[in-house]
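For reference, the structure I am asking about is given below.
Labels for the chains are A, B and C, by order of writing; each one numbers its residues from 1.
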Amino acid sequence: MSDRLTNDVVVKVAHLARLDLTPAEIERATEQLGDMLDHFADIDALDLSAVAPMNQPLPFVNVMRDDVVQPCLDRDEVLDAAPDAQDGRFRVPPIIGSGA
Amino acid sequence: MPPFSTASEIAARVRSGDLKAVDVLEQHLARIDARETEIHAFNLVIADAARQQAGAVDAIVAAGGDPGPLAGVPVALKDNMCTRGVPTTCSSKILAGWKPPYDGTVVSLLQRAGAVAIGKTNLDEFAMGSSTENSAFGPTRNPLDTDLVPGGSSGGSAAAVAAGFAPLSFGSDTGGSIRQPAALCGVVGVKPTYGRVSRYGLVAFASSLDQIGPFTHTVADAALALQVVCGHDPHDSTSIAEPLPDYSALLERGVEGLRVGRITDLPAGADPDVAERIEQAFDALAAAGATIVDVEVPAFTYGLTAYYIIAPAEASSNLARYDGVRYGLRVDAPDTHAMYSATRAAGFGDEVKRRILLGTYALSAGYYDAYYGKALRIRRLMADDFAKAYAQADVLLTPSSPSVAFPFGSKTADPFAMYLCDTYTIPANLTGEPGMSVPFGTGQNDLPVGVQVLAPALGEPVMLQVAAELERAATNLAVGSAS
Amino acid sequence: MTDTRWTHDGYEMVVGLEVHVELATKTKLFSASPNRFGDEPNTNIDPVTLGLPGALPVLNKYAVELAMRIGLALNCTVQPCTFARKNYFYPDMPTSYQISQYEDPLNVDGWLDLPDGSRVGIERAHMEQDAGKSTHVGGGEGRVHGAEHSLIDLNRAGVPLVEIVSRPDIRSPEQARAYVNELRAILLAIGASDAKMEEGSMRVDANVSVRRPGAELGTRCEIKNVNSVRSVGRAIEYEAKRQILMLEAGESIRQQTRHWDEGDGRTHTLRDKEDADDYRYFLEPDLVPVAPSAEWIEEVRASLPVLPAVRRARLAEAAGLAADSEAVGAIIDRGQDDYAFTVQAAGGDIGRAVVHMKEAFAEMGAEPTLPAADLAGLTTLEIEGKLTATQAKTVLGELIERGGGDAAAVAAEKGFEAMDTSELESMVDDAIAAQPDAWEKFRGGEAKAMGALVGHIMKASRGQADGKLVTQILNARK
């Protein structure tokens, strides 16, 4: 088993990603992710400091649109698809704790 | 393999009034009736809506109007393409039953071209997988041998064409999810240049890698399909504005004078039966007048690592919107953050969770530079290496898949074993260059082998040109040469 | 330059302000739904606003232009820029990430000069999406804690924002308020935003730390929910004192986000920064970089109107008043300076005009209802000594009510006649004769004795003598 990853790290990452994991799942995830990171070790030794990152395949710039209103979606159609709605708004359980 | 009508044939006959779209549709629905239970290519067959659409096409023809270049052609759509009012589930519990309030651009273009949407096809959940075993609604079976996988993630779309359910289907390709299942099912599959086909309405997996593309029986059909769905879309900021060439123009040209590259440092891993067919492909092209050149792509070998960092990283962000607030599954909880965690735990399958965790980790403070930062630089190296290769060769040839179709469960124990299926297809996603798989003979157990043709950005015309030659050569293989 | 320093128990405050401004575009930043306040909930929605699967953002060009205007008005360098995703979960953020600018913002390295002469550095001014609105239902007083559920309206989600981040150059509550006011005046002048704090189109967060002058920077706390200019000053002062108290008690400051409560005048813990999520910023793959051309930048720069600071300086110089005087500030805020210069062009005295306009034109906008020539005529009478300041004020009131008129005629109606100097001289003679004791005392150096003499003259003239002139004459006769 890889020692690249500990359970603590996985628990933190799972919280960042808002995924409830059972203790068994945490164990398994730690193992599997650790294995994957081991596979990725082939890049550890590479010195890429002189290489610029490539975020996108295309060298576009300045794609913009005019400030013109377009038709909106139908609110009823949208709210019908919502798990819970009230008074034209999406309804959720109380928001406790930070957004950050 | 039974000869199924091609999209080109159907469209020509419907346009001329020789064939009715409704009859074409019934023929395909009958095939679906016969084998769909066995194959499970579809999450949903939309027979009634299809009948209405087919009827509308026939009405236009009867009135003397132009019904479009795909008139009456039944088309199957991967269930990660938004279709207004029709469930679009991404084969995930978290979107089970969700009906988009809008059509994706490609869906609209197909409808305007006269195509008849016949159903939404099965996929690996959120397009993450290479076998369609990760679907929350059960796997799709390979029509050529139902004990074997059709490949993935667009397994349903590939199987639909292979089984004759539709002459044309669409999938999405992020790391090979069109080209690999095309190879495993013995059909043609194309991933266009990134930005050539609009992503508006395609449920995002990895935004800088995803592209929609067609599955067809023939290269000519692929060219026809590309002519319809390629083009600039103002709804997609990454959409290419260059005008479209005539994709069918070079199909009969042959390969005299073209340079076909063999990547000498290609990662090992292809099974011998596959490797043999690729060799024969080189031989066939040489015999037809192409020059085979050796090229090197040193970064190729790091492609898998770069991809399995970049794709999950983008996916972890793209899938964060599935939180139970505005649509899809919700699992109740006393507060919103608990609701998110419970909803996502219940709604996502294991592979999706795995990739979300991996991607979140790769973007985290403290790990960003070691993983995501490095992966983006490998991507740059990859692009530079391919650019050098394309200075020496017009196209490159590789296997599409390291193996022919494999049995269910044979690669699910270790996630990485499944990831290796993408070894040869991944680079084209990282660089944004086009690639396609063309059936070229069979391997063990008479299962189809696919040859991958790679070309530089916007190189679809030469890619199709070489593919057409391989298609011609393949018929010779089937007829006379050694198996 | 005025020293606006604030100190308390030997500490100074170090404050930076982050101001979020909603841009005055017709549509949202990345989609074409209307950017409008006050509509029925969830009516200004589209796939991007809702964070629907398959939705893609497309940048609003006019938003970029307005963002550039803000940057140029703040003396920033406009540079090629990129968008990044800031990832966090919250019900009013439909994609669970905010598209913002991180490594390469549009505008960097500017500054804002305040009326008192001080300068506050601007680190950056970048574009980002606004979030929707959540209302909390049930529980106590609509506050988050103890609520039964929350309701989400996404009309505001996706509205274009510019976040203006100052350097921590602010050293007092007054300076902070002046910064906010000046920024607001600029935003209004360039048409970038209606900048209404009460409607949320301008929001201010303060980063506050304290230190002994010359020492290293202290740990800072971020203060949110500061909803008016007045609150800016109050919140900063409270927070600085809170931190000083803690330091003096030997405690250390924890880096936190705190919530300002205008009701009880205190900041309260919202969350610890240590608990804050890792935003996992990465370049937005669905958008491409924006590199405004030199031509476009110059076009925008040339289209900027004269900024408030320049207008203030011009008016102050012409009117002989201080640039940071209330009168000058008021006239500029209302946009009445063009009018004041028209009064000058019509032969009037702009100094007197400004003093009158400060009060009398308070409810008028940029197009005062009184013809400039009429005000000019009034000021001329004043300058010529034919009307006292008090009389002029009365005449002005009458002119405004009538929508105009001839000042001299109105003065005559009212029986105002400015007394000419010889009349005044003879009244002074009479007063001296009538109040010899007061006169002796005044001549002897008791300035207060003048009051009796002036009072006599005022009574005799039924208030029509010009007090200033009378004082001058008395002093000359001493």
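Throughout what follows, a contact is a pair of C-beta atoms (placed from the backbone, for glycine too) under 8 Å apart; a residue touches a chain by one contact, two chains touch by 3 or more.
Please read all numbers here as calculations on a predicted model, not as lab measurements.
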Comparison of A-C and B-C (more C-beta pairs in contact): A-C
Centrality ranking, top chain (CA atoms only): A
Whole-Å gap separating chain A and chain B, where each centre is the average of the chain's CA atoms: 24
Computed distance of Cα centres, chain C from chain B, in Å: 57
Centre distance in Å when chain A and chain C are each reduced to the mean of their C-alpha atoms: 40
Numbers and ranges of chain C residues touching at least 2 other chains: 47, 50, 58-59, 89, 91, 150, 152, 278, 280, 282, 285, 287-288
Overlap residues in chain A, where contacts from two or more other chains coincide: 16, 18, 55-56, 58, 60, 63, 65, 73, 78, 90, 92-97
Residue numbers of chain B (touch at least two other chains): 98, 101-102, 208, 234, 237-238, 316, 320, 323, 325-327, 336-337, 340, 360, 364
Residue numbers on chain C that touch chain A, as the complex places them: 25-27, 32-34, 40-47, 50, 58-64, 80, 88-93, 134-136, 139, 144-154, 257, 270-271, 275-280, 282-283, 285, 287-292
Chain A - residues contacting chain B, complex: 5, 9-10, 13-21, 25, 29, 32-33, 35-36, 39-40, 42-44, 46, 48, 51-58, 60, 63, 65, 73-74, 77-78, 81-84, 90, 92-97
Residue ranges of chain B touching chain A (in the complex, touch as defined): 98-99, 101-102, 194-195, 208, 234, 237-238, 240, 301-302, 304-306, 308-309, 316, 320, 323-330, 332-342, 344-345, 348, 353-354, 356-358, 360-361, 364, 370-371, 373-381, 383, 414-416, 430-433, 457
Of chain C, residues touching chain B in the complex: 47, 50-59, 85, 87, 89, 91, 94-97, 150, 152, 278, 280, 282, 285-288
Of all residues in chain A, those that touch chain C in their complex: 16, 18, 55-56, 58, 60-70, 72-73, 75, 78-79, 86-100
